[in-house]
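The chains carry the letters A, B, C and D, assigned in the order they are written, with residues numbered from 1 in each.
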Amino acid sequence: MVVVMRPHAGEPAIEDVIERLNGYGFDVHRSSGVNQTVLGAIGVKPDFDVRHIQVLEGVADVYRVTSPYKFASRSWKKNDTLIDVAGRSIGGDTLTVIAGPCSVEDEEQMEATAAHVAAHGATLLRGGAFKPRTSPYSFQGLGEEGLRLLRAAGDRHDLGVITEVMDIAKIDLIHQYTDIFQVGARNMQNFDLLKELGHAGKPVFLKRGASATIEEWLMAAEYLIAHGNPDVILCERGIRTFETATRNTLDLSSIPVVKQKSHLPIFADPSHGTGRRDAVLPMARAAVAAGADGLMVEVHPNPPAAKSDGPQSLLFDQFVQLMTHVRAIAEVVGRNVAPAHVSA
Amino acid sequence: MVVVMRPHAGEPAIEDVIERLNGYGFDVHRSSGVNQTVLGAIGVKPDFDVRHIQVLEGVADVYRVTSPYKFASRSWKKNDTLIDVAGRSIGGDTLTVIAGPCSVEDEEQMEATAAHVAAHGATLLRGGAFKPRTSPYSFQGLGEEGLRLLRAAGDRHDLGVITEVMDIAKIDLIHQYTDIFQVGARNMQNFDLLKELGHAGKPVFLKRGASATIEEWLMAAEYLIAHGNPDVILCERGIRTFETATRNTLDLSSIPVVKQKSHLPIFADPSHGTGRRDAVLPMARAAVAAGADGLMVEVHPNPPAAKSDGPQSLLFDQFVQLMTHVRAIAEVVGRNVAPAHVSA
Amino acid sequence: MVVVMRPHAGEPAIEDVIERLNGYGFDVHRSSGVNQTVLGAIGVKPDFDVRHIQVLEGVADVYRVTSPYKFASRSWKKNDTLIDVAGRSIGGDTLTVIAGPCSVEDEEQMEATAAHVAAHGATLLRGGAFKPRTSPYSFQGLGEEGLRLLRAAGDRHDLGVITEVMDIAKIDLIHQYTDIFQVGARNMQNFDLLKELGHAGKPVFLKRGASATIEEWLMAAEYLIAHGNPDVILCERGIRTFETATRNTLDLSSIPVVKQKSHLPIFADPSHGTGRRDAVLPMARAAVAAGADGLMVEVHPNPPAAKSDGPQSLLFDQFVQLMTHVRAIAEVVGRNVAPAHVSA
Amino acid sequence: MVVVMRPHAGEPAIEDVIERLNGYGFDVHRSSGVNQTVLGAIGVKPDFDVRHIQVLEGVADVYRVTSPYKFASRSWKKNDTLIDVAGRSIGGDTLTVIAGPCSVEDEEQMEATAAHVAAHGATLLRGGAFKPRTSPYSFQGLGEEGLRLLRAAGDRHDLGVITEVMDIAKIDLIHQYTDIFQVGARNMQNFDLLKELGHAGKPVFLKRGASATIEEWLMAAEYLIAHGNPDVILCERGIRTFETATRNTLDLSSIPVVKQKSHLPIFADPSHGTGRRDAVLPMARAAVAAGADGLMVEVHPNPPAAKSDGPQSLLFDQFVQLMTHVRAIAEVVGRNVAPAHVSA
C-alpha cells in the first residue's frame, strides 16, 4: 500500500499516519520530497480496507499495490488453465461452442436443438431449468424435469451439458445432471452460493455481473478457487451502460484484459450481450477475433414460440452460418473448433 | 402494446404482424397514416416479451403501454403504504432513522451504539451478522451470535432491529431475531430469495441494485408482494456510474420518481451511497429534502477499528449533528422525527 | 508518481524503469520489500502521461500522486472563492438563485419572467439566445435579438444576466450583453473556447459534461484559470447513466466532493438534471441541503408554449413554492437568500 | 407519436390531451380499450418535444414513432453510402485502414510513419496538428506547421490525409491541407462546428461522443447532411462506462446496430477505444469481424517518446502484425484491404 500525504502536510499528521499503519500491522518506509511525503506500507493484508487510511488528516490518496485476488491471477499461475469437461478440454488452443435454448421446454425442442448444434460443432448443450426472470409473472422453468430432458438430449448426441444454479438448496439436485454449473450475472456476487460451489466438485461457468468491474469479477472467481474449486470459466455477457439500442454492452475488451491479468479461460455470450438476434453473428465473430476461448449462444428450433429470450435466439440456419464464420476466424487466431458432422 | 411499422412497410408485413399478435392472444386495432401504420395490441399479458414483435419484418418499434408491475404501482393503490414495525409506523408523515454499525462485532460495541442512536432519535438499530464481502479474505460476520447481540441491544433501548438475509437457508434463523429483513443490493434480483421472503411474515427492506433501473427495482418489489408480502420498504443506496470519487452515485432523483410511480415508502442510505464519511451528512440532509421517508446510516463507536466499512461510518458526534440537521429539514418538508431523549 | 513493480519483477526490468524515469526528468526513490519493489518518482510534471510507464516490462501499476490541476485546487487556495457579479457576491454565505426561460423568445415572455423571479428572490436572469439543440430541425435561438431582450429585461428588474456561449466567434458579441458567460455541458471540453474565455474579463459558469468525472471538470476549470480567468462557477447538471426515468442523473454528491477538493463555488441545475418539472422542486431542495452555493432553474410564463425545454420549466406558482422551501433549507445550512419583494 | 393514457384516466383528461395535440398541429386517432385509452398523433414534426405531452394530467407515456433523423437513416437511402477520398472508395466491399501518430511532431517522425503504414496497406494518414488535451499543461500540437508536415508525408507516399478540426475559425486553414475533416468525440455535439462543416466540401469523420447514444450520434450526422454534406463517416471510439481497466469501453455492437439503422460507413478506433497498446490488436480484429468499414489506429516510430498517447500507439512491428490479421479476417467477412507493398 502506498500512502501519499497532501503537499505540506504537517509532521504530526505524518507521524499519526505511520503509527496507525503500524497499528494495523504494516511496516512503513518513508520517502520525503521537497513538499510532499509518500509512505510505503509493506505487509500482505488482502482484506485491508484502504479507506481507513484515506480518511486520516493530511492524507491525499492511498493506493493498494497488490491485486486483491491471488489464485485467480496470472502472477500466481503463469500458464493458461485448461479444464476437462466430459472428456474434452476447454481453454488453450481449443475454441469451445456452447449452444442451446434459453429454457428447456420439452423433449422435442431439446432433441431437435441438440441434434442440430452437435452436427455443426458445438460440444456443450445449454438449457435453463430454473430461470431467473425479472417478472414474477414470467415462465420460471421446468425444474427437475428440465434437468432430465437436458441431460438426456446431451447424452444422445455426445454433448456435455451446462445449466444454471440460482440457490444453494439446488446444488445437489443439479449436480446429478450437469457437467458444469452456470452462475448467472445476477448471482456473480451471491457469495454464499460461490462458497458452496467451491466444493461442488464440478467446473463453474461464472458470468460477469452487469455492473461488475473486471476486478470484482476476478474476486468472485477467487471465492470459488479459495473455497476449493480451481475449475472456473469466465464469461463476458455485457455490462450495463447508458446505451439502450442493445440489451447490454458486450465489453469485448475484457477479453484481452482478463488474458493479461488471469490464467482462467474466458468465453463470450453474444446472445445476452446484445439481446437482438441480428447482432449475434457479428458479435460472435468479434469475440473469437478478440481472443475468446469459447462462445455461449442461444439457439431454438422456433424462436417466436420460445418461452424465454426467443428474440435473441438464433434460427437453426443462422447457427450454421455462425459456425462457418467462427471456424474461419478461429483459424486466423490459431484456434481449433470441433468439426461439423454434416456439411454446412 | 403499441407496434409501430416502418414507413412504407408492405401490406403482407403488416398482416403478418397482426396475425402473430392475434396468435399471442392480443386484440389488434389498426391505424394507418399516409405512410406509416400503427397497431394497438390490447390484452393484459404482463410477462410478454415485446422483442418477439420487434424482430418481425417491417416493424420499427414496439412499446409496452402498461407497467410490468401491478401491486407495486400507484395506479393499483393510491395512498401511501404505511408499515408497522415494532409498534412504530414507517411512511406517511414520519421520517424514520435507522442507525448502527455495518457489522455486529461484540456486545460492548452494540450497547454503546444502541444507547447513542436511541438517545438522539433513531428508532431502528441496524447491524450485519452475515456479511456479503467482495473479498473471500474479509470478515464475514459473527453469524447467529451477531443476531443475538443485535436483538439484545435493540431490546435494551426500545429499538426495532433490521439485519440482512443473503440466503433462503437463513430465513428461519434470522426470523427469530429481526423485525425487518434487509435484502442487499447484490441480492435485489435473487428471485428465489424474494419468493421465499414473500411469505416470511415480516417487512422487507429492499435495497436498489447497483445497476438496477427504477423499473427493475419495482419489479423486485412486485415479486415480494405477488408472493404474499405487501410490507416492502425501498432503499436507494447508489448506482454504479463512471464517477469514482464516490463509491456509488446516490441517485436521489429516484425518490420523487418512485413517489410518483409507487405507493411504497422509500429510504436512502448515504453511507453506502457515497462510501465516505465526509459526504454522509450533506447527502443525508439532501435525501430528506428530496422527500425520503427515512434514512439508513452507519454509526460506530470507533470507526477506525471497525471490521467493515469503518471509513463510511459516522462518529457519535457526527450522528448527533446529522440528527439536528435532519430534524430541521424534516420540518421544512412536513415530516416528524422521533424526539431525542437527550439534548443535542 | 509511484510505480509499483510486479511481484518478483527482475532486476533488469527494475533498472530499466528507473532509467526511463530519469530520462523523463524524475528523481527516483527505490523501496524494495521481500517480493515487491516500489519506486517513488519525484518531480513536478503535471502533463506527464503515466501510461508511458504503465506499459513497461515488469510494471504492475502507476499512480499519479499530485492532482493534475493546481489553481482550481483547495490546496492552492484555502478559502472559498467569492465572485462579484453586478454588485452581488456569489459564494460564501450567500445562496444565489438564477432563474429564467430556457430560450429567450420575445419581450413579453422576458418581461413577465424577469418581473416574477426578481420579486421572489432570484438575482440573476438566464435565457438562451444561441441554443445547442440535438436536432438540426429544432428552434436554434433568436441570436443577438435574444441577447438584447435578455439584457433589457434584466436591467428593468435589477437582475444580472447570464447566457450561453457556444463558439469563440460569438464571445465579443455576447460580452456586450452578459454578466456571466455560460459554458454548456457539451462544450465543457471545448478547449479552444475555454482558452479564449480565459481572457474574456467576465466570470464563467462552467457546467459539468454529461460524461465528465469531477477531476476532468476541475481540469476544465484549470484551463480557464491558467489562461487568466479566476472567476469560475461550477454547475452540476447531471451525468449520463443507465437510468432513463430522468433525463440525466443529478449527482449531488459532487457538491461535497468539490467543496473538499476545490475553492470554487458550485451550483446545481435541477431542471436539466432531471428533465421533468415534478422533480425540480425536490431536487432543488436537495441541492441546497447538500451544500450548493446556488441554483439555476428554468421558469416560463407558459411552459406548454415554450420553444425549448418547456416540460422541465417551472410554472410561476411552482417557482414561488421553490423559493419558499429553498429559503427555509438555506437557513438550516447557514445561508442567506436575497429577500422576496412580495409576499409568497 | 403515440400517447398512452393512464388506466382509468377520466374523459376530461383525455379530451384535454386531444385538444393540445390538435393545437400542436397533430391529427389524432383515438383507440379506447376496457380500461385504457391510446391516442395516435399523426403529423411530421421532427423537432417536437414529446415531454410537452408527457407532463399532462392522465398521460402515462408518450412514444415518438419516427426516428428523429431522416437523411442519415436507412429508410431514406437503402444502399450503403460510398465516399470517394483522394481517388479511393470508402465503404462497400473495401476495408480502409487509417494509421499514423496521435500528434504530428516533426518531419522525420511523419516520414518514417507514412512510409511504414503505406507499405503495409494503410491508405490514409492521420496526425493531429491542433490537439484537444484534458490538461492545459499538455502539448497542444504544432498548428499549421503540423498540417504542412502531414500533407507532405501523405503526398510522398500516396496516402490521403485526415486531421482534426476543433473550431470553426480553423476550417479554412485545415481545408487547404486535409482530405477529411475529423470531428473528435468531445465535439460531436458542437453544433455550430457541424453546421459549418455542412458546407466545407470535404468528407467528415465523425467520432462518437463518449456519452452519446447511437441515436444522438446519428442526429449529429444529420446536422452535417442537413447542412449540405452527405459524406459522413462514423467512427466508434469507445463510450464511458464504470469499467476503468480500459480508457473507454469500445462498443462494437454499435457496428451492427448502425448498419441496420443507417447507410453511412462506420469505422472503429481501437487505440482510443482501449487506451492500451496490448488491446489494440485483438480489438482491431474484433472490429473487422463485427463488420466495420475501416479502422483508425495510432502508430508511432518510437511510442515512449511520443508527445501524446504514446502508450496506446502501436510499434511498427505490431502494425505489420495487425495488417496481417486484419487482412485474413477481412477475407472471412468479404472485404478487400489495399495490398501491402512489401512482404509482411
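Just so we're on the same page, a residue touches a chain if its C-beta (ideal position, glycine included) is under 8 Å from a C-beta of that chain, and two chains touch if they have at least 3 such contacts.
Note that the coordinates shown come from a computational prediction; the quantities given were computed from them, not determined experimentally.
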Looking at CA centres, what chain is most distant from chain B? D
Tell me which has more C-beta contacts between its two chains, B-D or A-D. A-D
So, in whole Å, the Cα centroid of chain A is separated from that of chain D by 30
Any idea how many Å lie between the Cα centroids of chain C and chain D? 27
Chain B to chain D: how many Å between their CA centres? 39
Touching two or more other chains in chain B are residues 211, 240-242, 244, 278
Chain C partner, complex, touching residues on chain D are 20, 46-47, 49, 51-52, 54-55, 68-69, 130, 132-139, 166-169, 186-187, 189-193, 195, 209-211, 216, 219, 222-223, 226-227, 240, 275-278, 304, 308-312
What residues on chain D touch chain B, complex-wise? 2, 4, 6-8, 29, 31, 33-34, 36, 38, 40, 42, 60-61, 63, 65-67, 75, 240-242, 244
Provide the residue numbers of chain B that touch chain C in the complex, in ascending order. 211, 213-215, 239, 241-246, 249-257, 260, 273-274, 278-279, 282-283, 285-291, 325, 328-329, 332-333
